[in-house]
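Letters A, B, C, D and E name the chains as they come in the text, with residue numbers starting at 1 for each one.
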Amino acid sequence: MSTKAVRKILSAYEGDNPGVKANLYRILMQGRLGGTGKLIILPVDQGFEHGPARSFAVNAAAYDPHYHYRMAIEAGLSAYAAPLGMLEAGADTFAGQIPTILKVNSSNSWAGAANQAVTAGVDDALRLGASAIGFTIYPGSEDCFEMMEEVRELRAEAASVGLATVIWSYPRGGLLPKSGELALDVGAYAAHMASLLGAHIVKVKLPSAHIEQADAKKAYEGQDWSAQANRVRHVVQACFAGRRIVVFSGGAAKGADAVYQDARDIRDGGGNGSIIGRNTFQRPREEALAMLARLVNIYKGRE
Amino acid sequence: MSTKAVRKILSAYEGDNPGVKANLYRILMQGRLGGTGKLIILPVDQGFEHGPARSFAVNAAAYDPHYHYRMAIEAGLSAYAAPLGMLEAGADTFAGQIPTILKVNSSNSWAGAANQAVTAGVDDALRLGASAIGFTIYPGSEDCFEMMEEVRELRAEAASVGLATVIWSYPRGGLLPKSGELALDVGAYAAHMASLLGAHIVKVKLPSAHIEQADAKKAYEGQDWSAQANRVRHVVQACFAGRRIVVFSGGAAKGADAVYQDARDIRDGGGNGSIIGRNTFQRPREEALAMLARLVNIYKGRE
Amino acid sequence: MSTKAVRKILSAYEGDNPGVKANLYRILMQGRLGGTGKLIILPVDQGFEHGPARSFAVNAAAYDPHYHYRMAIEAGLSAYAAPLGMLEAGADTFAGQIPTILKVNSSNSWAGAANQAVTAGVDDALRLGASAIGFTIYPGSEDCFEMMEEVRELRAEAASVGLATVIWSYPRGGLLPKSGELALDVGAYAAHMASLLGAHIVKVKLPSAHIEQADAKKAYEGQDWSAQANRVRHVVQACFAGRRIVVFSGGAAKGADAVYQDARDIRDGGGNGSIIGRNTFQRPREEALAMLARLVNIYKGRE
Amino acid sequence: MSTKAVRKILSAYEGDNPGVKANLYRILMQGRLGGTGKLIILPVDQGFEHGPARSFAVNAAAYDPHYHYRMAIEAGLSAYAAPLGMLEAGADTFAGQIPTILKVNSSNSWAGAANQAVTAGVDDALRLGASAIGFTIYPGSEDCFEMMEEVRELRAEAASVGLATVIWSYPRGGLLPKSGELALDVGAYAAHMASLLGAHIVKVKLPSAHIEQADAKKAYEGQDWSAQANRVRHVVQACFAGRRIVVFSGGAAKGADAVYQDARDIRDGGGNGSIIGRNTFQRPREEALAMLARLVNIYKGRE
Amino acid sequence: MSTKAVRKILSAYEGDNPGVKANLYRILMQGRLGGTGKLIILPVDQGFEHGPARSFAVNAAAYDPHYHYRMAIEAGLSAYAAPLGMLEAGADTFAGQIPTILKVNSSNSWAGAANQAVTAGVDDALRLGASAIGFTIYPGSEDCFEMMEEVRELRAEAASVGLATVIWSYPRGGLLPKSGELALDVGAYAAHMASLLGAHIVKVKLPSAHIEQADAKKAYEGQDWSAQANRVRHVVQACFAGRRIVVFSGGAAKGADAVYQDARDIRDGGGNGSIIGRNTFQRPREEALAMLARLVNIYKGRE
């Protein structure tokens, strides 16, 4: 049964057809966080981005696409996101058991430009029973306009057939220095642009307290950004004052306590949840399941 | 979590893509019968077929499209089926809360021919977030080839975008006398043709023990068809030896005990469930909910 | 500024995109009844249906297409509906001054079959700045399935580009006797079918107290249908319990008092308004303006 | 230089793009009647309708397509209308010398039904440099809805690329008796329907004083229809009160004096001109040129 | 009811279909300036261009997309312009309440090139019920030809379906020095190019008295350009001698008195109005409403 929290979230997607809302509903009602308005997404696109060994050697079972479906289902997560082949390799076995997000563009370690290749389409998403497509943009990149134009086309097509769109918005490239990629102003801006492009779910990295853009400094003055929850709150604000679902990634694999603290900060800052890949599948299965169980508890406000 | 019963059913749809299976999974996992392999579908197309007053006057609350969504959800049914306008009038409020089946053709009381008008399309189903389309064929009708060609086109389009197809197969018209419409041989034949046309869910009427076709009589000789469960078993057999989901309608509104006995016979004969419209919404709401609760119990084998 | 009455009406169109709602809003906010939730539409398709002399000879100024635009604007009506040529002949002069409804199919006095020709398309409606398309179906006609399939295509195309669809639902032809065309059960059924086909505005004739269909008699027993307002209420009920806008035509030209009483009954029965053609343009201009002014007053509850 | 008469005519085509207006302008400014608002069109489709010998044997030079181009140009006519092959056979030689109207449907003497075949398209008209397409409808015919749907498509396509549409509206077939085809009410109705279908130039036959439709009689009572000029005036009125160009054909070949009187009546009744085929090319060339010269004089008001 | 001022403006759009004119009419008749021929547009694309904090931190309520819809409606403005996500987030709630302009391309602070990404399309504009699309070109930029080709495609598609096109014409990039971007000759040139590209509404910045181009100096000699109203008059002249609607932006947030003086100069120079974003939403709500009320008064000639 629907909950008040979920109804409130869906009511903000007022320009969307019932098909898109049904798919957002499925994600929001799935698993252990179903109905809370919070969500945890398992993304497994690191093999494309960093190569298989860097991604899976530490936990060799994770070479198998079925491993990730099972992990997402057994841990009671909200959705599972992966590129075409990874999704297709388990799509029949696990059909309907968990909402899937088809990542439709991907980069790789040898890419010279801050860009990605479009590697799947809306027809694939429908055929595979996915609930959403996922697309990465690199604000700041020299190819950013091209990426935005690609997502504009794919998002319009997806929405017309009732699929949601998740935008990974990762500032990178061009005039933006490496040191500024995680800056608060940069991250909030990236989240805002994803919202403006029509993302139904915005995915950004947890920002640091650094302010990168000289022109933006004034807007951030006089407020204390040292607490991560405050920074999360600002990013949520940048997504139409909370009218869009925002999930955060923690970036590189790290200690479990840091992962838990991130989740508490996301929760306390009003974020909707975590998208957590390497920190899941680069741990032994039982350890990962235990960690995800604690994350669920955190998002439920129990610890 | 998926169950053995559901996995077994889905494994028989081996030519279908994961999108179709995900939608069948959603129907099979929904509500109180979720996971049992049994299902109850609420269809509300009687307004089109018989007019609004004949359908709803006895329980005036049922004029409101939201009434039926709520009934299907609160009773814990498996899916809700209706024509375009009826579905659209609640599609946003109840988005994702129950799998829907968009009935894409409809007849009416004044139709001279045994045929139906195509009144919605696959694009509507996607836009409204439906899990399946529903289509009626009238085997026996002079227009039957046309209807079969229509469902062939719509089924192919629907399956390509991950939607299931439910075929209402109702022998009627042409050389078939009224007296033969419910005959066992005719009903089994109708179910078989629906399967052959690619129906993912076959919907037929509970057959009588009468054998209509002279040429078929020999094939039915020497078996006792007096028990309804045996007749159900034969229809299931006609649907690829149980490789397709088969649901039965009981026809006109009748006493609750008859409805319960039908459900027991469907269950005992290996049928997958009931599609039950007038017997639901033409009763007062509380009475309908009580009846549906007992039907759930029957399909769970508890009475 | 929007009103509570208009917001309530629009909220029922929950499956529609904002473009369709904006066009319904324009109609509901136009003219003297703007914001009340009531509306009066001027239709001028009688020239096509009955020929020019029968339509306009009694008031020769009405041969000029500009006459009708001016009438609708000066009388403060809600919308003006006409076939392609009639609309086009004033579309530039009066662009934007009143919402228009492009009637996209038309019959004529010599038609042998109860059918109509499709005489305009959605592209014409967009090009001419119309707010809606209008389409007639003849429930009961032997060609009814064909007409339903035509409106299904046109309605889907129109809604996708933000145009509303008005369905004229006029029982006629086939097995339906002339005497039954205005029967209450028949009219309510016709209104229900228009709603099921996805009409945003349903247009039917004011029904008589006669019940035509033998099978429907029981559903109407025990209620007093002698008051026209009660009959209107039933038709509104048949349009998804009031979730769709319903307007009524009074049919042939008649005395002004009868027109006023019809409007009072429509208002008291919860109908949304009148579509009034011949009773407007077949009167001298000043008389017509005076009559429309009184109708506005009636719908405002002032007399 | 444009004239007041032409500007007034063009200003009524307010829903049309400048391309359509430029082509109407070309016709209205061509030849000896250029600028007067009057026009004479030479149509040569009788070969298709009646066979070549019945059309051309009496004046064998007329078998040659160049003959008609030369006739139209030398006589200073406004436009030349013919089917595809006839037009194409002179299109290069006379390119640009006279506005052409490509007749895009045609019947023949063996046709069982009152219908025509579509024998050319808008692409042909553009390729041949035509100013307009011509299309015949048969109001009254059992196939009339089909013909209207064909012209709706062709007219929309033609107008979108700046070509005008001439509709030949000839009541015929179905429930309409032969005796009623030329009736005043029938002719006015036919002209009105052509206008409603979006014709830029309406072509009808000169009507008789007979009133055919029982229902229409009342509308014509009390007026004297014995004068042909009055009947012309009524047809013009039926074409949006004079907002559309209307040309009249005189039908079968007849005496020159009758042709002249027809033209005087068309002129005096406010019609825009004549479309005159057989009465032209079935006369010897010099005689035809002399007759056309007198017709020009009549339309100029000189006799 | 239409006014003389509005009719005069619309009559200049003589190549446009009635759909485009109806949308221009809606903008010109909306709000407190409705009917005056003057207009004030609220644009909220600064979040895309400068990031959310720089845009909204000073008035945090403005992070919410509904804030801007409400501001535009309550202040009685003429239209509201924003990128896809911003518009979509309120499109249903405010459907029809104010004409919207969908900004279909957008830049951002990290863009290396003077270019923008196409981030929405005509299909989106129709679906969201917008009256126009908005597009930015950067005359002077190395990518200017590409931008012009993009707007050519989008403008043609929009106009064919009855949507107006607003061109933001901002000289920038390439051989044009920063110091020349606001020069009078440059601004008039930019406005002229927008007109030539088919803009229905031209949006430029208020120009300075500087003349940038050596070749243009002679043309501006001998006239006194020190008065801003004279410079506005020249820009209006450059837009086809006043045949196109021209609105001016004032640029960065500034003192209210400067804003008022700009409006007086626009009015006195014959400009059609202001497009005023940051100067609106970066003020507290009550202060913004008061300022807009005064601007309305200025455009009405009352102060």
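Everything below uses one rule, namely that contacts are C-beta pairs under 8 Å (C-beta built on N, C-alpha and C of every residue); 3 or more make two chains touch, one makes a residue touch a chain.
Only a predicted model underlies this, so the values are computations on that prediction, with no experimental measurement involved.
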Treating subunit C as absent, figure out whether the rest stays one piece or breaks into groups, and list them. one piece
Decide which interface, A-C or A-E, involves more C-beta pairs in contact, and give its chain pair. A-E
Averaging C-alpha coordinates per chain, one finds the centres of subunit A and subunit E separated by a number of Å equal to 36
Centre distance in Å when subunit A and subunit D are each reduced to the mean of their C-alpha atoms: 67
In whole angstrom, the CA-centroid distance of subunit A from subunit C equals 49
In whole angstrom, how far does the Cα centroid of subunit B sit from the Cα centroid of subunit D? 58
Specify, in ascending order, the residues of subunit B that touch 2 or more different other chains. 88, 91-92, 123, 128
If you connect every pair of chains that touch, what shape comes out? Choose line, ring, star, complete or other. other
What are the touching chain pairs in this one? A-B, A-C, A-E, B-C, C-D, C-E, D-E
Parts of subunit C lying in touch with subunit A, wherever the complex brings them together: 14-15, 17-18
Which stretch or stretches of subunit A touch subunit B in the complex? 1-2, 10, 17-26, 29, 73, 88, 91-92, 95-97, 123, 126-130, 160-162
Going by the contact rule at the top, pick out the subunit C residues touching subunit B in the complex. 12, 14-16, 139-140, 142, 144-146, 148-149, 152, 156, 171, 174-176, 185, 188-189, 191-193, 195-199, 213, 215-216, 219-220, 234, 237-238, 240-241, 243-244
Partner subunit A, residues of subunit E touching it in the complex: 47-48, 50-54, 57-58, 60, 63-65, 83-93, 106, 108-113, 115-121, 123-124, 128
